[in-house]
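Before any comments, here is the structure.
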Amino acid sequence: MTAPSITPSRAPAVRYLLRLADLCLIHAQRLGEWCGHAPILEEDIALTNLSLDLIGQARALYTHAGRLGAADTGGQPLDEDQLAFLREERDYLNPTLVELPHSADGSPRGERDFAVTTLRNALVATWLRLAWERLTESSDEEVAAIAAKAVKEARYHQQHSADWVLRLGDGTDESARRMQNAVEQLWRFVPELFEDDEVDAHAAASGLGPAASSLKEAFDAEIAELMAEAQLKAPAVGVFRSTGRRGVHSEHLGFILAEMQHLQRAYPGGAW
Amino acid sequence: MTAPSITPSRAPAVRYLLRLADLCLIHAQRLGEWCGHAPILEEDIALTNLSLDLIGQARALYTHAGRLGAADTGGQPLDEDQLAFLREERDYLNPTLVELPHSADGSPRGERDFAVTTLRNALVATWLRLAWERLTESSDEEVAAIAAKAVKEARYHQQHSADWVLRLGDGTDESARRMQNAVEQLWRFVPELFEDDEVDAHAAASGLGPAASSLKEAFDAEIAELMAEAQLKAPAVGVFRSTGRRGVHSEHLGFILAEMQHLQRAYPGGAW
Amino acid sequence: MHLEQRFEARIDDGGFIEAKDWMPEHYRKTLTRQISQHAHSEIVGMLPEGNWVTRAPTLKRKAILLAKIQDEGGHGLYLYAAAETLGTSRDQLLGALHSGKAKYSSIFNYPTLTWADVGVIGWLVDGAAIMNQVPLCRCSYAPYARAMVRICREESFHQRQGYDALLVMMQQGTPEQKAMVQDAVNRWWWPCLMMFGPPDAESVHSVQSMRWGIKRISNDDLRQKFVDATVQQAEVLGVTLPDPELKWNEQRGHWDFGTIDWDEFWRVVGGDGPCNRERLGMRVKAWNDGAWVREAALAHARKQATKQEAA
Amino acid sequence: MHLEQRFEARIDDGGFIEAKDWMPEHYRKTLTRQISQHAHSEIVGMLPEGNWVTRAPTLKRKAILLAKIQDEGGHGLYLYAAAETLGTSRDQLLGALHSGKAKYSSIFNYPTLTWADVGVIGWLVDGAAIMNQVPLCRCSYAPYARAMVRICREESFHQRQGYDALLVMMQQGTPEQKAMVQDAVNRWWWPCLMMFGPPDAESVHSVQSMRWGIKRISNDDLRQKFVDATVQQAEVLGVTLPDPELKWNEQRGHWDFGTIDWDEFWRVVGGDGPCNRERLGMRVKAWNDGAWVREAALAHARKQATKQEAA
């Protein structure tokens, strides 16, 4: 009857999968904010669909991470909902990029800007497609199976969002201005996607999955091509590195979690 | 170690006090969203001060309501934080007016509009000042004492917000347009402030405090005068009645509570 | 007269009218109104449910909710497409929605206040919608009838999912959850009965629509059918329907029920419900906020076309 | 030379300079920069704490937090007023902040990620600020010195409240709460040490400021004083300061501590910290969004003045 936070295993393999699962979940959560508010009906459907696919990916990863964690700690496996809803912020391992608000100026209560959403979708989908491709060859068969399904979804997500980046980047002056602004807002959170640490090293060594840094070259090439075609300019990259994948987030995640976790926290022992 | 919801006594006197306390708390909570974002520094300070006074009023009322509730149910008194943070939405009894977002179009994630905030402050402060004045004569000495302090604060709140209604109503074309828009947004939620039910009847009969309807005449006169001076037009009142004071709220309150309750819900048994 | 006679004969034979067939102007107008109203209801209906996407209590329920909302968007698409076959563009239809000229189902002017509301919308609102819509699968206008076949299939899926969500809470949940379900049922029951429209005696469009096979069962008959079907489901669920006059009438072979507050119905239809302003305001806002996106997409398409011509 | 000599003599005697007194241009500029930077820090500092107002865990803590933020706004007011006595208007000073020309304390470019951060800001950030500010109560420029007296009194109150909030969590809280406090201390400790500014050897403005009695104790001395005072407080609290090199040096009579990452300091001062964009963006947004309000207030005041003249 209690709903205090759970603490997942800190085994590198578990952390590796949680990073991926949390990326999918928090990205999906932000996309869910668009429900019913998109610029055209087709895009309302598409954004909901993206969100749905990402939730599906997160579920499979959480379930597997829960089992691996139990093997590590010797306890009962944590289920997908315990992992998704009952951790403290510090234990969420998504990159900061996906927790940022959709607003044009990065302000937490600002209006959603479809340009920011579109660019982030393209960045995340490109990264995920590359990651899933490599994960289809994971030494962990369950992960390979999850990736085999997810990579098809990610290909569609990438295509769909890249099409929008093109349309908006090379559309009107207004849309180009908004897209370039989105680039300025989001760019400093991209390097984190390629920062290795011991979790990555372990995954690479064990064959569980690619180190983050190993996705960089392909990502940079694909995004550079897209940006060029969309007539967008990449800003210089500063020294700042966001640290969401290490559990140190922006001020935005706390608000996302308060909303997302509310029912699980307020109705301990509930059945849904 | 658990933080499930508590259910307060349903005695009319308790409900009467909770209505008032919840009005203060939720109004303060909305005002807190302005912290650091006001149009001028003086107003940042003033809005924070308003919020602070309201929290103080809410605390005194909750504490007293908790004691009255215990006398009714025979249990331990619920403390101010249990009452403020651990009820379900259905058991919050503030009028809907105070839970509305600050946005110019009423949309939940829209930008804050100072005109909406200003008008609501004036409406609520006027109502509260009238209520506190009457409550200084409450048959419940504790309530009378709370009111004696609060009425002074409410007088200042009313004066301060009325000054702003004047400035903005009779300022520039833009400010007049925004203020009139705020009137259109908020007006339909005002009638609820004067809707009597059995809780009001009980309070009036027992001398605990005034029935809501008994504040209407004075309120209407004061607000009409203010609106006239500020060159604002009152729209016709429709048949719609909001029902927050009966615990049936707008879709906005759930989001306010998710945020407000988060720590109490996520750290059951915590000491703060 | 020849065309009109042929049209009437086809209707009388229970045949279908296709988009390219001749049809009386009034038939066209009536259908356009009805189909677009239905399409608007689907997209406005995304809002009260969308309100809970970020707060769904489990990942499974979040996925089900997202899939449902996606389906509703899809229904909107087919229906706008069906309406367009009658010669009015989607933009024109949306313009009528945004200006307040066109209606959408009034049920969506009620707020979704708890998670149980999401389940109750599936069970009762979609349940009532299905009652209304199943007969439309045999509507005389073929593009509409075809759209309805697909929509009804998905709607019954949604209804089962909504009912299942409530069943879990009622059978395995905490007392707080059970109270939440009962509270949601209390708030939605009467508005759902209003979904079938005014009593037959006051229903303006019914006679002609019946004649044309656009409407096949009367409002009151559908409402009775809904009540009869729902009473048992409520019993299994363990909730009380908030109507003290609800009782089995042996003679009629139906459940009697209390008097509907038609004043409330007309008030909400007329714009003075709890969420009318919010719902329409949100749709208008989404449309206005999205103008630059639609313009950019058009501009880009034009550029691409120019390039291809030049190549 | 007469004026300048009199000024220097007054400073040398430990006397105070008032706003109407003659002062060298460089003294005026230095003070304007320093006071306005301090004022900007107060109002930017409202943001990281304001981030927790809607989520404070109890009503008492919410009230304390609101009161603290209100005080900070008040400090901003006095300080802008003190700076204005030197001949630059508040709007000009804010213009410099918004354009990025003026600085504010770099500590506020770090995020407040948990409720414990609010306590730690009180304990460590306000603690460091007090160390910096107490000597300013004897600053040679009297309006600044007077403002600082009041500010320091309130700041020590804030520090005690922050420490008390942490003490409650550490002594009566759950293991999760204790971990939250330790995590916050880990994140804030080093940035707090940076609050005293670069090492004395690299401090640009120090010599002249010392000479003029604007600055009275060196950066490194203040930093050492802060470390010495804090180590014991941390022990009572039951948290570990995240510095393995921290140890008592009997010979010096002070605590030794590890090397500060000055690269990080300069990076964050230079604009590339975790929240620089957010903080400045928020201030600019509040200012721009509020333009219509300020214009209306002016317009109204003008109308009132005109009416009074006419009367």
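In this document, chain identifiers A, B, C and D correspond to the written order of the chains, with residue numbering beginning at 1 in each.
Following the convention adopted for this analysis, a contact is a pair of C-beta atoms (placed from the backbone, for glycine too) under 8 Å apart; a residue touches a chain by one contact, two chains touch by 3 or more.
Chain-to-protein mapping (UniProt): A, B = Phenylacetate-CoA oxygenase subunit PaaC.
The shown structure was predicted, so the numbers you read here are calculated from the model rather than taken from an experiment.
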For this session: Compute the shortest path length in steps from chain C to chain D over the network of touching chains.
Result: 2
Problem set entry | Any chain that touches chain C and chain B | A
Exercise. Higher C-beta contact count, A-C or A-D?
Worked result: A-C
For this session: Report the inter-chain centroid distance for chain B and chain D in whole angstrom, where each centroid is the mean of the CA atoms.
Result: 34
For this session: Give, as an integer number of Å, the spacing between the C-alpha centres of chain B and chain A.
Result: 39
For this session: Enumerate the residues of chain B that touch no fewer than two other chains.
Result: 4-5, 33, 88, 110-112, 254, 258-259, 262, 267, 269
Problem set entry | Residues within chain C bordering two or more other chains | 55, 174, 176, 282, 285
For this session: Sort the chain contact graph into one of these: line, ring, star, complete or other.
Result: other
Exercise. Of all possible chain pairs, which ones touch?
Worked result: A-B, A-C, A-D, B-C, B-D
Problem set entry | Contact footprint of chain C on chain A as seen in their complex | 25, 29, 32-33, 35-45, 48-49, 51-52, 55-56, 58-59, 62, 80-81, 84-85, 111-112, 114, 166-168, 170-172, 174-175, 178, 256, 259-260, 262-264, 267, 269-272
Exercise. Which bits of chain C are touching chain A when the two form their complex?
Worked result: 43, 46-47, 49-50, 53-63, 66-67, 69-70, 73-74, 76-77, 80, 115, 165, 168-169, 171-174, 176-177, 282, 285-287, 289-297, 299-301, 303
Exercise. If you look only at chain D, which of its residues touch chain A in the complex?
Worked result: 48, 51, 55, 111-114, 174, 176, 180, 183, 187, 267, 272-275, 277-278, 281-282, 285
For this session: Spell out the residues on chain A that touch chain D in their complex, using ranges where they run on.
Result: 4-5, 88-90, 105-107, 110, 238-240, 242, 248-251, 254, 258
Exercise. Across the complex, what residues on chain A touch chain B?
Worked result: 1-5, 33, 88, 109-112, 254-255, 257-259, 261-262, 265-269
